[in-house]
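As structure tokens, the structure follows; a few thoughts come after it.
Naming follows writing order (A, B, C and D), and every chain is counted from residue 1.
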């Protein structure tokens, strides 16, 4: 990884040395046999292909529901996923990876796995796929009837991708920015972006051999007051980076903010922007779909109130016609959900998706304005990023984060500037009290100022950090805008 | 009740003979002392006045949440309501009356009450307020901190009104049409309308003595595919009839149909139409508010799915800025809810009301069109009704029902024509497959035809009664539009 | 038409009319001769209608929770009228609240009902049993 | 400033940063000298920071469910470093899933924590106790 970072397609042959090192980094790596894996994918029934199911949903104008779920033990994980498909009526299945694996700490993951088996309950917060290895993971693919995706939060997911894709997973979440900035403290962006170029190149290899694997940049980032322009910028950059490595099926994500119009506008603009910047790079053969995440920040403890939050997400997903929705559970504020609570969240959501499947959020001037704002802000960020990167998004992303031109609120990474201060306006839309070094035009700056001044007037207090604190606690306390107590 | 029915204000003095007979019809009638009652109301803390709380909410642009609830025994009922106010966070409280009382069968109600006490569980589906009498009912008013409303379904509610209003209730649901057609089989409309003029005149008497009691025509009627024009027509007629007897605070109701735009348009047009027809009668001093009922038809058995339905109602209520919302519970399809389930329904709803309190459904062309449709249809019905009634809504209502000019689907009453056939269009809005004798213009008729033809094409079947059956089961089965299986 | 006559109605002070209308349609479609008394039907009306129409079975609905009270003595009334072994079904929300189904079922069997159905029973869920009880094949 | 120094951090492979930032702000507002190590903090880093800053108490957060594994030996590491009786708090989502709180609390007390706080503890819920444990009045 010595050369200057660029978005150019990695040379497959040159990559082989690195692949050998990656596969050697944990014992299960030697189970990977790419040729055999391609063969296995070709023999999978088409209903088990994630990308295909997304395309069908998109064409039919439907929104699919997908939970998050993962436990340490293989058999328990199969049972959990089966339950979510039969009792939860999930349309798509996940495999959420534990946090040790996400930090490449396979030894600790092994310890957690062993102890989980001993105690008969999961001590890990997810499924340690690397430790399980290719043959074991394949049992998931074989025993379950729905397409499966790997969901995690791993800055360096090269080995995880090698193993799970060889096992037959047909979708893989993450990206060099979205799985670093919110999920790491000390990993340089150059490193994670490069590691994810490897992953995307691997997916590209499968594509070259007729196997379409879906890739999904992680939209919500820190899940906490992330304005659409921030997550859209990251999504578009990761989309371009992935496409350049040969990825053909991309699902772009956005985490619910809570203002219905802003959320619908966000879902609508996401593929527009991606399309635009992909076309600038001359890329036109990528299938774009969207994913809406039900509220990713702090939840209310109370289950009925949690159902309310989940349902608003379901309504928004359906009315915005996102291709899929990632579902929260009524246990969100209590801990990793039981399978029953997880299934309950999906069923509440599906009731709404079904009831609203024939309805669309109506076109109107507010929606148009909100779209314009998002488009303008995101373009300002992306164009500046390209400028910093001398036309290259990989390089540009690194420099943009350095400069605070992209800046994710509440992110743990030292490579994130952390200078912005997001807060809700008087209608609950997420705006900026302080935009740090986001390259906003005078006009956009005035817009944010005016929006927060309006809230300040209404609340009879001066705009400031107290807005942010109150907004962080608000949904957990049953509100959207954190009004003064 | 021999004279020809008219909407003229009843002469209070002339009414006294009838009042004596009503009060003598069950022993607790002799507890009513109007002068003392007025005094009691004047001494009530203002926060306990229902009308006042509605006006405040309307002015603040807030939507209040109110459950339904009633059990046989007094102490159990107090505890139930207290629970709903503290644990459920209800804004307004109900007292739902049992079905024997609704049919003036006080002896059967007494039997149910006695057995309920013996068995330690409620054998009645509500609170038999007449049997409890004034002094007992007053315990409710005194022990609870929120305003209380009587909710029932009684064609002849004269005694119930005398007793509960004397006890200190400050709101009373129902009307001569809305509590007859869906709630009776053989009661002539002349009778129920006249009985409700008595109730309204009594409320007018209180108003003359400075006590404002809120009246609420029952909006949802049979709760099953009732198009807005039908329920709006009934609501406006009952509003005019009530106002003519001196009622000063009126809350007009509408039951969710499920298409968001149709529902928002319905809530928005309801006060517009009432205002319009009240003004035609020269009445301008009535305070109008609105109530949105969460889906009143068959519910899904599954609680998470029921939460989904409840939540869609909460979203619609908040975005349409109804003054209050009547809340369903996750037990709706299981039986009368436990207090916990009832509170859960309220809390899920309140989470949404709070999260959306600063958001409004945006103005847009579809919404405007839908409002126009509702306004036009309702005016066509009301104008024809007035024509049939020779300018009088009381007489007109009787003749309109006779002629099928107003016609409530699925109503049990023999005085309802039952010739219409409602069904959902391709977006889930309730339209007419067959409008029976509703006095629709050619244009409106074509509109409905076109809408259902669109659905028929989409579903590749001929429009017909199977639409209706499928639509009736649809929400219970997790859908809105009853697509062919 | 399968030659069998059913009396249908919602007992007591109950006005839930939707299920009753749907049942009428479904039973007619299934070939029965249906005499629908609608809502708010008294015990007396059920018995009289059964006599008048020589009904083969009586299908009682109760949705509103008072069936426990409303159905006491119904079987006895049929016995008195000389129709002691007429087939009696009941369905709907038979008690107030969501009580254990086995208890509710036993309670109504003790009241003399031949078959007792839980809430949300669909026509296709019970018509086969009804046909069997009436000696119609398949 | 009340003269007391606190070391703050999220232990193990845990990256939940929002609560950590809010805690820092709230504790500073309450007058403490706060040394915030952020997320992904190892046992070693906690001990070293406590030594370097002569901390009066260490506040460990764990949100992601692995605290059971991550906290083993933490008290012992402080003992080894000669800080055996430093005040140790922990708060967050300490186990995977929603387990009975009394068991979880006992488990972490056994691991050597002086105070153990359940999920969703607000700053105002524990700062009075912290002040008391540090001998600050009121």
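Simple rule for what comes next: a contact is a pair of C-beta atoms (placed from the backbone, for glycine too) under 8 Å apart; a residue touches a chain by one contact, two chains touch by 3 or more.
Please read all numbers here as calculations on a predicted model, not as lab measurements.
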Chains touching both chain C and chain D, listed by label: none
For chain B paired with chain D, centre-to-centre distance based on mean C-alpha positions, whole Å: 55
Approximate Å spacing (C-alpha centroids) for the pair chain B, chain C: 30
Distance from chain B to chain A - Cα centre to Cα centre, in angstrom: 45
Residue list for chain D, restricted to those that touch at least two other chains: none
Residue list for chain A, restricted to those that touch at least two other chains: none
Chains that touch, pairwise: A-B, A-D, B-C
Contact set on chain A toward chain D in their complex: 99-100, 102-103, 105, 108, 111-112, 115, 121-125, 153, 182-186, 222, 224, 297-298, 301, 331, 333-338, 410-412, 465, 469, 472-473, 476
List of chain B residues in touch with chain A within their complex: 258-261, 300, 302-305, 307-312, 314-315, 319, 330, 343-345, 347-352, 354-359, 362-367, 426-428, 475, 478-481
Residue ranges of chain D in contact with chain A within the complex: 12-15, 17-18, 21-22, 25, 38-40, 64-66, 68-69, 93, 95-99, 119-120, 122
